[in-house]
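Note that the chains take the letters A, B, C and D in the order they are written out, and that residue 1 is the start of every chain.
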């Protein structure tokens, strides 16, 4: 079987394994206080043009989202997100388990708009009984989104401005950020993210890393005692070196963007082939996830040789399926898939 | 500096890295459904003589404790633990953050006794207003304990029998289980743990693994829908292969016990040297942690060349310090430390 | 000002105060173990035709909903509710604060349908990654609903059957149950509720009681150790006699239904007047809440003399307002309001 | 049976019922925005010499403690309390259910000392791994304590000074404050409490009120959006008038202190009689709770006619029992009890 089900089905960029072997018996402190993690933090701060930022390492995306949101909110606050947002639909209620409501707004191709946030906030502030409901505390978006789409710098800046104008924090989930940074249409840089957000993370797991995500907090004051919060939430790795080395290697020598570029190019090749062969897209995406509408018969036929995700059914009986490429996808596998369409 | 501060200051047993490299580009499913994890589960079930057990992989010890305890308890229940237990003192309130009280009983050298549990439960049941307090739901112990001591099979069996007689579940934290299994005095096997407990974990992080802990649940019915609980708690690794491979390798070819044996032998050599040189032990331990009483001047002198843990002060001004060896400790480093005492 | 803002703006049915005075110095046990509460439980069990039911007394509606839902769910489960449901929009995230997601389905006039529940559950069970999301544990509906509408016995029976077929529990919020029982169109009795639900409550606060709500649990096994849960949640009154006496009096001599009837008759008179005068209803309701569409000028004019709720704006600029009557509404006040329309 | 089991076994001071009847049909806003509650707040602010204070009304003591502590702490903080503190032992884990650890220090006759807080904080700050544990956020004490003892003004001032010096907040549980204010030995006034604490409450339920407790927050900034927190926690009464009227009446015309004085005088009469008849006290208390050591035979004999609390057993087999008087205790009942000793 050839797998297009997700972007974490292989191990990691080989240079990370090389570095693991090279440093295996070096004795270092635990809990992210090792020199590899320190170096990774330095590299990330520099890449973000944000020398004062805190950088915290997590083991995975749901953990990063849930713990960061919990840290940014007080107990009476909730998080505004698109209805398709990962925190709303695919994290087993992790935000709610930590006490916070996910306040959903309808997304357009998986994206929130500044206008939608403003309209909702104005209605909230117009409501006489707003003390009786969850207080909005922050906005959550993903770049790329759950549907593989991208915010432009202007769109993200507008959301940031609106959020901050209403006293809301802004957090950007970058689980697949490499594929966003590498997209042809993208104009949002790490420096932009550091300027516009209160926190964002650079995804490692799905972007060629061995393990982990790197949370960047441009103004560390918004997350006081965050190590204790992470520890309490079971999110501190004793062997912090694993994530430290992952990001030290991944963020050096342009490897992160290269990893993204590989995935994006193959995904876009697949997208063009789908369109040429007359398939309809569910949403047109510039990154490494392609959402296509297939009839059941085609689904069944492709499933014999390829693994991909059943996303949802649509009214006419067709299925939305997702093909996902990665830093490690074999171009020959994409060719085989295209041939089989 | 030579580090005796903990048992997670090096990477991992090299065979794990070899296997990571060998399998790096093999495409597998995520979330622990990969063949490496499946194979690790099979090996662990066999080692425990418990073919029906569920085996769940976690990223670290605090996470395993907090999520398992949360899964085993209902919302009105608490967990009984020794006052020195890791869940009480060193996990940043992780159990409480998930809603449960840690009910502490005085430990003796870090150990609970069946008698103490029975006495507490009898007083609880004798209390007319026991509906007004947290209901006890389970007992938590560590093997080895936080103080490096061990339960004998008879002691553990007595605790299990007492707990179950009162309707309490029993969970054993095996973060350092390799060092317990390898101790000369030990008579508790993996099979015993599978027979006596409702859940226990085989520690990887501190015992030579790259990452992770393996939770064994002899009767899976006590933790229904546990994958969802783990996901909600941010405790599912997308790249489950990392922990899968760790345990596949660690639990094969007697590596786990060998890793433990190496650490224990060096720790015991250090212990004998301390006693010969006239130092007093805070507690006499058969495993890889040695707790000694040092005066401040000796502490300062040793700190110039060695890293170890300041545990606590005692009344006469001396400090309790902990020296910890591991699967990776260099015998020459122990010799140097002994020479410096 | 004449108040039509809600149904808890007066004190209580005078007979309750009489009984409070009469029993004021009688010494009784606390925490709901007093003879008044015991008698109220007996009366309620009889009225429900359910001698084995547990009856628990709470201080208010949000508390009853949040604590009961928390008790009925395990930590990985969520509650299905209409998007307009009180637990979703007006309880400050109380369900989420206790760790559970509110899974919203679109309501029709504030009502869920068995069909909507079935469709959602079938899609859930068809989702390969359903282990990654909150598990549905129960269905929440209100009778009357947040929009003053009523479920028929057939509708409620269909929801109960569907819920139970999928292993979901059913909880009915009866904060305004008196106004439902007294509605001309109603065919759902207390006995029906006891037969169809896993728990429901008889609202006191809004229905003429001094304080409190009476939760009926037909099969007590679904809420083990519920007193401890209530205590933990701050929901046990030391002077349980207050709620006990409230329900002892309220549920005797047909007072509960009479209280409802008074409110419903006046609300329906107001509704007819609104329609006669050419106003449009937002939703046609048979109970004590009337939702009408008013232009801003009429809102302003009426606000000079009457208090009512601004519910929401609609697209054409008109406002949805709610007029609420109660057991205590003065018919002359309704006449004045009608005259002012 | 004559009841000495607690101080909430009767209804309330009759003047409260009179006022309830007098105002029963007055229409007022809900949720504590009624004029009775407003007036009660005014009276309380004046009595505390603290015009800027916020005053929030709760339905009971456990609720007040749990919600206030939750509001004052962030998610990574715990509360320091005496091991005998009500929040530690008698609230079913309410603090933990909201995510916070209760950090217990040994109490002396139920009291914390500034010295104990200082010593604990110094050890905490001396611990290199203090980021791995719950951060202390506040100190909780009761006046009178769970054991009926009182803090002097000097003792309380020392605790306040120490707490604030370490950045900890101070909260005083005044469930039985009337009996403290009325004690002969007492030198702590409401004004002192408003000056020394970050929050304290004036108990109503146990001190002659119909229902409720009044939380005083001298500096409202420490509890932002507290109404929403209360609503989320199920702690807002729709009919706030009940608690408003309770405190309006209770805090007028010296009724609160008079209620306390009645209870204290009878308790002290009982204490003197116990001592005269040769019984030993478990702890010598100046308030309305008397703790005596009785042999089992005397317990059994008294239990035939009197209700009192079994507190605990002591080593020699005797029982500690608690006799509790109240604002409503009949002097003749105390005489009967004394005669029966």
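Quick notes
Note that in this section a contact is a pair of C-beta atoms (placed from the backbone, for glycine too) under 8 Å apart; a residue touches a chain by one contact, two chains touch by 3 or more.
Keep in mind the model is a prediction, meaning the values are calculated, not measured.
With contact taken as defined at the outset, chain A and chain B are each touched by C, D.
For the interfaces B-C and A-C, the C-beta contact count is higher for A-C. Taking each chain's centre as the average of its CA atoms, chain C and chain D sit 33 Å apart. Centre-to-centre separation between chain A and chain C, using Cα means, comes to 41 Å. The distance from the centre of chain B to the centre of chain C, with each centre set as the mean of the Cα atoms, comes to 49 Å.
Multi-chain contact residues of chain B (touching two or more other chains) are listed as 75-76, 91-93, 97-99, 132-134, 228-229, 231-232. Looking at the complex, you find that chain B touches chain D at residues 75-76, 78, 89-93, 95-102, 128-129, 132-134, 310, 313. Of all the residues in chain D, the ones that touch chain C in their complex are 1-3, 5-6, 8-12, 14, 17, 20-21, 23-30, 59-64, 66-67, 91-94, 97, 205-206, 210-211, 228-229, 231-239, 241-242, 328. Those residues of chain C whose C-beta lies close enough to touch chain B in the complex are 31, 70-71, 74-76, 98-99, 131-135, 225, 227-229, 231-232.
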